Structures are given as structure tokens and as C-alpha cells.
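Two complexes are shown next, each including chain A; its partner changes from chain B in the first to chain C in the second.
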Partner chain A sequence: MKNSSDKKYSIEISQKEAEEIRNAIKAASLKVMDEYIERMKKSWPNRPEAMQYFYDIAKFFGTREREIQEAKEEGKKVIGYTCMLAPIELILAADAIPVRVSSGFYDPVKLGNRIVPVEVCPVVRSTIGVEMIGLSPYLKLSDALITPLTCDGMTKLSEILSDSKPVWTLYPPRLKDSEQSMFFWREELRTLKAKIEKLTRTKITAKKLKAAIEIMHKATRAFRRLQEIRKDAPVIMGRDAMLVNQTSMWDDIKRWTEKTEELCNELERRIREKVWACPPDTPRVMIAGSPAIWPDNWKLPNLVEEASPQGVIVADELCSGDRFLFDPVGVDEWTMDDMFKAVAERYLLPSTCPCFTSEDGNKDRVNWLTARIEERRVDGVIYHVFRGCMLYAMEYMRIKRVLDKINVPVYYLDTDYTREDVGQIKTRVEAFLEMLKSRVEF
Partner chain B sequence: MWLEVLSEILKLTIFAGLALAGILAILIWKKDLKTKVSYLRFFVQATAMTAFFFIFSYTTQLLLILVVIFALSIFFGRFFCGWLCPFALYLDLVAAVRKAFKIRYWNFPDKLNKFLNRFRYALLIFFIALPFMLEKIEPWQWSLAKFLIGPFKLVSVLLGPVEPLVIPWESSLKLYNINLSYPYASVIAFYSGENLALIAISIFIAITLASSFVVRRFWCRFCPTGVSFAVLNRFKIFRWIPLLRLNKVEEKCTKCGICKRVCPAQVTDVYEVKGGDITTSMCMLCLRCVEMCPYEDCLKLNMAGKTLFKSRNWLEPSKIE
Partner chain C sequence: MIVAGLDMGVQNVKVVLLKDGEILSHGMVPSGFEPEKAVEQAFQEALKKAGIACSDIKYVAATGVGVELAPRVDCKISVVSADAKAAVYMYPSARTVIDVGAEESRVIKCDEKGVVLDFALNERCAAGAGAFLEAMARALEVKLEDMGKLSLKAKGTTSISATCVIFGESDVVSLIHKQEPKHEIARAIYDALAERIVSMVHRVGLKPDVVLVGGVAKDIGFAAALKRKLETEILIPKNPEYAGALGAALYAMENLGGSRK
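Up next, the complex of A and B:
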């Protein structure tokens, strides 16, 4: 631990106070998670058996926390990352455990407010708060953090978190297409690789990297299979699919792959038997924009799928959702050089984060959205933006114009990490769904 | 007489049958979608090389062979370079050895590539002009027919890559009474004269093999034969011809960059061009990009409006076709 006077940002918070707040929030959040899972079960009564595993892992504290603790005692390292631009393959290749640590807890936001102003993106504020009291077991257990400097919030978050842990920043070039950008990004990852090797005292050899890439290929395959299943009439509720996507962020990836394949088998059987999770004419909704992170920020998915008329989320464009594991690492030849290039490219080029720009105005993102809308027959898009999330908010106009052209209604929903606006949003979401419903019937 | 004809027909049928059986065996055996087409291509290349050997042993009418190849290339473009050319097979075999040793390849920088793309045409003109520079031209040699089949051997420059390793005619490389050859060997021997022939050919073989060990498909990037096929691809007036074409669907692409990296000729257009027809004069239609593209239906090989092959989710295990 560093001396408090050396700290750049953190304010004094006594051990006792931290513990008190942590216990209070943990108890409340356990209750919230249980309640959410109950509600999810209620809206999908005939859910498949395989879903239970994901509900258990989703409880955040408990089994997986103990598992990581035990692995740590055996000498394994845990490396956290805040954004999907961090190369998971390199972490796996060094025999470390990757966990995503961006926080979805509502209450720690108030603690974050003591350090940064309230205008800052709530994910950042919440992550700061979680770190202050050690709420999230995964953030607490991670030995080092990889923080891609995608937006302003993430950039300063890396500084703030560096008060308590080694933080390895990754700077993605904002223009992806040029040769020099790729060169720069590869060098960034090469530096990162050296840091990972130093921490874990494991050399990332070609053999290990290949094994890691193959593990992630299997995970991507299962992930894609689940997304494929959501294409036709709803056989799984959107919330549940989103939960499956999210559990991959802290679960053991091999076990997650197996369980997801199991779930897919069961769902495919249901498609053949035509057992739908909700009526097939339910309005099909897509969520785009800022990430919705389990556990607390499940507000929007809950509202959409519990509203009357009910909607079903068939696709999302969140970095915590459909985009997370979708792209495979495409290796041409299994040489160290080519594998490394492939890993570097996979994390930079296919990313459709609005932090990137190009001459044609981030056309990649527009293409991803329109292709998904066509493929999943989306009836309407809910554009989810946090207050303070500049990049997503600013790109709304561009997306809206494109969606207007293909006649897909879009609804801009700005919210914060708070429970106070639920009632208000509910009315608005229901009105939007009502409108979609009448369009579907028409 | 008829017995001889029958035996020839039988020989060719067995040859064709073996080729088909080999292709089928590979399709069934290779479960890995990422390399299936590559293996298939390897087999087609080997079959094509044998076929060229047969052709050369039947006829030494080089001009006739060249005319047929050029006529076909109106429809298939540089498909010849990717799938049939024997010289390309040697280069690919060298690359396969490199792959087996897990040694990395090197890429040219994009700028050098762009320069090479133009430089190829200069090289083609140089090859055409070479005979004029080396020999004194008599007036009677000016007629085009004489030029093509006469002593200057432009036809053998263009047919160079097709020359099989074992040839039925007299050659400058001999091993235990077997006439050996190598692409362009006869041309080099012709120009370097009797005394220097062997040395010049050896240097050429060493350079081409060594360079293709370091850079993928080194020779193909400025091969005169390839350029002359590519010329057809270059002009918009030929667009109405039902050529083999690579198409890209813009909406399905997230620009993940895999196509650009796996391309043995380092074609960047497949990545940079937004959508539509992406065939270029450098593209040899080896289909590596289509094979490796992880987005379903994003890249397609079209001919006359029909899709022959398209990208698919290669993470799924392949079904037996």
C-alpha cells in the first residue's frame, strides 16, 4: 500500500467506514440481485434447466469469488480490465485470470462523487466508489488492471485507480485504418505483453498463445451460436441472453463455454418444438449505446421486458453485450508474429466504439447497427446513453438519421446510475413499445 | 492406331478421375473451414501441374497453349495465377516449408506495394522490348506472327511460369539424362548464351526460391504473365464480360482486417474498398480472404450473377459436403 500523501486522487476513508458502507451496499445489492433474478424467472416461467447455472454465477459474490481466491493462493495472478479493447488472449496465455471490472453498482456512485464531479460518466464514478470500499470482489482481487484509454472518463479513471493498484494503460489510436495506427497499437500491445509476463513470471510462448486463442475461439463460437438463436422468434428472453453474455466477463471462460453450448442445445430443441419464451409478435427491440452492466444497471432491460405491452430485446450493440466476444482472432499462420498481429487486430479493428472516427464518420458502427437490424428484424431501437457519456450522446444524431432512412423508430433514453427515474422512464418506454406494437400489428 | 487413341483417352480419364477423387477426399477429410479451400487449391495446383506436363508432352506448339490460356483468362482473369500456375505451386511449396518450421513471413510496406503495382507494367514492357534491345532486328522479322514464334521467344517469356519441371524437349539443365527445366530457364539460357546458361539459371532459381521463403508469392507480384491477365481486369469496358469477381457486402463488414492480413499478394483493396466489386489486378482469386472472413455472406465469389463461394462463420465445424 502506498503512503496516503503519495496518492494522487484518493481521499482518506477509514477502514471502519469503508467496511460499514461495503457491508450495507453488499447486503442491499445481494437482495437486488435476488429480486432481479426472481423477476427474470417470472417473466419466463418455462425457462430451460441450463439457465440456472448463469443465475448462480450472476450472484457475483460467492462461488466464483472463492474460486478466484483459491486460484490466487495457488499463485495464479488475476488481471482486471475495464473495457473490451483489452486483449484477453494475452492474459490467458500467461496463465492469469481475466476479469472485467467496470462496475454496474448504483450506490458506490455517491462515493465516486467525492472525487470526481457528478457530470462524469456513472460507470467511472461507480468504479471509483467500488474501489474505495472494495465492494467488487473481482476488482479487489485483481493484481493489475488494463485500462484502454478509450474516452476521457476511462483515461482519468486509470489515474485514479493507479493509487491503489498497478494500472497498465493501453492507448488505442482513434483512427483505425492507417498502417501507422496498426503499428502503434501493436507496439502498445507488445509493451503490455512484457508487463504481463513480468507480473505473472510466465513467458507467453507461441504454444501458450495458440492454446489461449483456441480457448477464445470456442467461447466465441458458443457466443455466436447464442446470438444466432436470437435471430428468429424469441426462444430466450433478451434479459437472460444479456445475462449469459455478461457472466463471461468474470466466469471461468472454459466452463462458461460448455454451459453456453448446453443452453444453446436446449434452446435449439425448443425452436424445433416451437416453444417460445413470449408471443412471437412481441415488438422486437434493440438496445444501442452505453453499456448496461449487471447487477444494478439492469433497469432498462427490466423495463422493456416487464412493460405492458411487453417488448423483447433481440439484439444489442453494447460493449457489454453482443459485441463483447463476437469477433474471432483470425490467425493465418501459427507463428508468434502472425498470432500476435491477429490478436492486436482483433481488439482494435472490429471495435465499433464511438471513440473511433474515420473519414466516413464511424461508418463501421452504422454498418454494424443496420446489418443487425436487418438480420434480427428489429422493430425499434432504444438508444441508451448515460449522462456524461459524451461519445455515445454525440453520435446519436448520426445514428438517428440512418435509422430514419430505413424507417426504424429510435428512442433516445438518457439515464444515470440512480433508481429515482424508473417510474418516469417506465412511462416513456411503454409509450414507445405501444407505438411499436401498433406498427407490428399494422 | 485406334488402340493408341484409346490408351490416351484411358490415361486422361484416369488422370481426371484421380484429380476428382483427390478433391472429394480433401473436402470430406478437412473439417477445419479455415484451411479447407487452401488445401483444395493445393490439390488443384498439383493436378494442373501434371496436366501441363501432359500438354507439353503432346504438343510443342507453345503459341497454341498461350492462346488458349489467354482466351480462358478473359473469363477467369487471374484465377489462373491462384489456382493453376505451376510456378505458383513451387512458391507455395516453399511457403509451406516455411510454415512447417514456424518461421514468420515479411510484408512489404504499403507504399512499396503501391509502387510495385505500377512498376509491373514497366516490367512487362521491358520484357516485350528485350528482344529488340539484344538483337539486331531484320526488316523481315517485323511481322507479328514471326515475332511471336520467331527467335525472340516472347511466347516463352509469357509461358515461362507454366514450364513443367521435367520437359520432353532438349534443355539446358540435365540430370541423369532427364531434361529438367524451371520457369523462365529456357529464356534465360537463350539470352545468356551457352557458357553462362547454367550459372544464370542457378542464380535465378536461388533468388526466386529464397525470396518466396521470405515474402509470400514474391514473383507473382510482378510476373509478366500475371500482368497481362490483369490488363483485362483493369479496363472498365470489359466489365460486361462474366468474369470471376470478388464482391463485398458493405453492411456485413466490420473491417476486422483479417482479409487484408491473410492475403498472400498483400492486396489492400479488399479491406479499403467499401463494398461491391473488389477484384483488382493484383488479386489472384486464391480465396484466402473469403475463407478467413468470419462474417457470413460478407465476401462472395461471383460469376455471371451466381455466387460460387462465400464467407461463412468458420468457427462452426464444417458439415460434410
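Up next, the complex of A and C:
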């Protein structure tokens, strides 16, 4: 344990204060989660049995927390990550448990404000606050963190978290498609691999890596199957699909895969029987931009699907959602070299985060968005931006111009980790949905 | 067939009565702390002017930020759709609607039927709406009603930034200390607000004809500033503050299957 004066940011607060705040926020969060799940159930009364599993895992504290705790007691290591550029296969190959730790809790933001200015992206401020009081079991249980340095916020967050845990930075090149970038990125991952091996005392052999890739292939297949189901008339509400996607970030990935397949079986049956989750002419919405992270930042999904007129979220472009497990690792030959190369490519090339740029102005992102819009028959896009998230904010005009051209309405919605703007956002969302509805009707 | 549109604004509750698609009368009462009462009074005012009884109203549609507080209405419509409907009703050539109210402002692009194509609302900050003018007039120690006329005398020798009401105020105070003429400061105030609105217009895209509605539309200082910044003609109806209520009334009429005769 480092001496407090050696610390770079000194985010610690007195144990008593930490405990008091933690207990208060945890109690409030449990209530919020229950309430949100109830509200989701209410807007999808004829939901399938198989959804219940995900509601349980979504409780965040509890079952999964204990499971990880027990695995740790048996000697397993837990490796947290702050962003989807972290290669999960390498974690699994070392028999460690991957968990995503970027925070969706609102209240810890106030603690984060003691360390960084309020202008900083709320995900960053909240994650700092969560660490200060030990709120997230997954962050607390992490033995080390992988922190991709995607934006300024994430870069400094990495430094701040390094005061309390080993932090392994990953530096993604901002230009993806060049030889030197790929070379650099592979070297980054090679260094990371060595660190993972050292912590877990497990050698990542070809056999182990292959097994890990196969686990994630199955997860991707289930994930894609679920998104595929959202193409047609709605058999699942968007919030529920988003919750399933998100639980993959802390659940046991094998079990999650099975449960998702089960859910998909049920949903496909419903497609055949034409049992819709909401009227098939409900405006079809896509959420693009900054992530909507469970539990507190379910604000926007809640508003869209509870609005009048109601909307249904059929797609999102969030790193916490539709993009997360979308791409499989493409292996040609199962040699160590080839597998490693394939893993590196999987995490860099398909990523459409606005932290990347290219001569064609992040065309990858544009292509991803327009492909999803077409295949899911999206009526309109809500472009969600956190206050302080420069990258998503700045790329808005680029995206809007493209969407204008293909005649898909887009609405820019900025928000923060606060409950106070719900009323204002509601006005905006309802006006947008009303507009989509009248366009569909005319 | 008589229908009513009700606009639950932050500052005022407004009512418009329509008979077979023609405006019968208006009513407006400060929202205050008892919205139910304000609605009642606004209706009374409009009914009295029209010389009809409450029971003559077949249908009521409501809009506005406080729409949740509206008692006994038949349907609701967003302020955005209401504005678009009202603008195209008043000016069939309207394609861009700018509404500047006390606490909120918005820009709407619509088609010839009054269907919304795109829109933007001011960020959660009063610097982009009428409240900004009130605060600045106070800092300048002039009456808001007089500030518009005052500003028209100016040549545009100075400017302030309107990122926020608080900063705006300190800008004004320091200009006063520099002994900048009041009319110049007044113009700078209108320019700053117009600037914010114009950046919203550009987010949505400017398509003529442009219609300006909302309470602030009556302020000649603001209208002049907006015209300068947009470099285009602006249509301003006679009762711009009733646009939301009118749009709601038109919606009520549509819902009953009626149309303008």
C-alpha cells in the first residue's frame, strides 16, 4: 500500500465517510434498479420467461458479486477494463475474469467533482467517485485494470485509478489503417499479454487462446442473433435488449451465452407467431453516441420507450451496447501468431469510436451507422452526448450531414449524470417521436 | 365546431379558440403557482371575448412545458409540432419557425403541411431565451419595454458574450463602467441573444420563409438583431405569443377530422 503522500491524485476519503456514502448510494441504487426493472416489465407485459435471468444479473450487487468473490478466494484473478478496446480473449485465456468497470451511477459524480472539474465527461467523474467509496463490486474486486487511452478523460482516469490499483494502459493509434499502427497496436497487446501472464501466473498458450477465442465466438454468435431479431417488427423492447447486451460485461460469459440463446429461441418463436412486444408501427429509434450505462444512466432508454407517443429502440451504436460483442475474431490458422494477430485486429479495426480519425473522416463509423439504420429500418436517430464528451459532440455534424442525405432524422441530445434534466429531455424526446410518427403517417 | 388550444408556458398560460378553422379569440394569464386557476381564467377571458359558453367547446388540446399540469384536456401535442402547425397556418410559405419564449427557445424546420422535419431546442440555460433579456435590462437599468427602441439608435460599436446570464451581466456592468452609451449596450445584448438563436438555426438549416414567434418576437430590438444576423426577411405574426396555443387548437381540430374552411 502506497503512502498517501506518494499518491498522484490522492482520491481517498476517510473510511467513515466512504462507508456512509457507499451505504446510502447502494441502498438508493438497489431501489433504482428495482424500479427500472419494474418499469421495463410494465412496458413489456407479455415478456418471455427467459428475460428473468437478465433482470437478476442486472441487480449488479448480489449473485454475480458473490460468485466472483468465491472465484477469487479459489485463486482466480479479476481483470477490469474501462473501454471495449480491451481484448477479452487475453483475459479469458489466462483463466482470469473480465469485468467492465466504467460507471453508470449518478451520485458518485459529486465525489469525482472533488478531484476533476465538472466539465469532464460524467463517466469519468462517476468512475472516480465509485472508486473513492468502493461502490462497484466489480471495480473493487479487480486485481488490475486495462485502461485504453481513447480520449482525454479516459487517459487521466487511468492515471487517477493507478493510485489504488495496478493499471495497464493500452494506447490505441488514432489512425487505424496503416502498417505502423497495426504493428504498434500488436506490440501494445504483447506487452499487455505479458502483464496478464505475470499477474495470473498463467502462460497464455496457443491452446488456451484458442479456447478463449472459441468462447467469445459463441458469445458473439448469440449476441448477433439477438440483434438480428431486432430487425423485424419488435418482439423485444429495446431496453430489454440493451440490458441483455450490457449484462455480458459482468456476467459469466459462457452462461450469458447460453441464456441469450435461450431467450433468442423464445423470441424467434414469437416472430413466427407474430407476438409483438409493442405495436409494429411504433417509431423505430436508434441511439448513437455516448454510452448509456446501467443502472442510473438508463434515463434515455426509459424516456424513449415510456414516452407518448412511444418509441422502440431497435438499434444503438453504443460501446456499451450493439457494438460491444458485434465483431468476431477472424482466425485463419490456429497458430499462436495468427491468433494473436487476429485478436489485435478485432479490437482495433472494426472499432468505430470517434477517438479514431482517417483521411476519409472516420468513414468506418459512418458506414457502421448507415448499415445498421438500413438493416433495422430505423426511423430516426437520437444522438446522445454527455456534457464534456468532445469526441462525440464534435463528430455530430459529420454524422448529421450523412443522415440528412439519406433522409433519416437525427436529434442531438446532450445530457449529464443527473436526474434533474429528465423533464427537459422528455420534452425533446417526445417532440422527436411525434415528428417521426407524423413522417411515417404522411 | 369550436375547439380550444391551451399552451402551458413557464410564464403565461395561453388559450386560443378556433371556430371552423378561424381564430375566435385569445386569452392569456400569468401561470403563477396555481396552474389550474390560471387555466380557468385564461379560458374565461377567451370565452368572454368570443361571447360563447364553456360548453360550446368540443375539444381541447394542450401543449407547453407545463403540459402535465393541464387539467382536463382531450389530447396533448409537443411545443415543436404545435409551433410548426401554427406557423404554416398563419403563413403557408413558412419553412423555418423560430420561437423565443421566456425560458425556452427553439428552431423548427417544417414542410408545407406543417410536418416537422427537424428541430433544435436551446440548451438547458436561460442565456438562449427571453429571461436573458430581462436580466440584462435589469443590469442596464432600463425597462425591458424600452430596451428595444433604445437599441435601434445604436450603430453596433460593441459586443458582449452570451454564454451565460451571469457572465452577460458582468459584461454589461463593465461596459457601463467604460461609459459605453446605453443604446450601444442594448444593441449588443440583442446581438448576443440573436447569435445564440442563429447558431441553432444553422444546426437545423435555414430555409425561407422564416417565421418568428413566441413572446420575445414582439421585442423590436430582438427582431432587428435577428434579421441582421440571419441576413434574411423575417415574418412576425400579430400575436406571436399565441403560436403554441394556436398550434394546439389546430391539432384539436385535426383530431376531430375538421379542416380550415
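Operating definition for what follows: the second predicted complex is superposed on the first by the 440 of 442 C-alpha atoms of A that agree within 3 Å, B and C clash if a C-alpha of one lies under 4 Å from a C-alpha of the other, contacts with A are read in each partner's own complex, and residues count from 1 in each chain.
Assume a residue touches a chain if its C-beta (ideal position, glycine included) is under 8 Å from a C-beta of that chain, and two chains touch if they have at least 3 such contacts.
From a predicted model like this one, the values you see are computed outputs, not experimental measurements.
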| item | value |
| --- | --- |
| First, second, both or neither for A:368, with chain B first and chain C second | first |
| Which superposed partner A:414 touches (first chain B, second chain C, both, neither) | second |
| Contacts of A:434 with chain B and chain C, given as first, second, both or neither | second |
| Partner chain in contact with A:179 - chain B first, chain C second, else both or neither | first |
| Contacts of A:265 with chain B and chain C, given as first, second, both or neither | neither |
| Per-residue touch tally on chain A - higher for chain B or for chain C | B |
| Partner chain in contact with A:350 - chain B first, chain C second, else both or neither | first |
| Which of chain B and chain C A:341 touches, first, second, both or neither | first |
| Residues of chain A that touch chain C when the two form their complex | 308, 404, 409, 411-412, 414, 421, 423-424, 427-428, 430-432, 434-435, 438-439, 442 |
| Touching residues on chain B, where the partner in the complex is chain A | 99, 102-105, 109-110, 250-258, 261-262, 272, 274, 288, 292, 294, 313-316 |
| Touch list for chain A against partner chain B, complex | 176-177, 179, 182, 206, 217, 220-221, 224-225, 327-328, 330, 332-338, 341-342, 345-346, 349-350, 352, 360, 363-364, 367-368, 370-371, 374 |
| Residues of chain C defined as touching chain A within the complex | 65, 76-81, 113, 115-121, 123-124, 203, 205 |
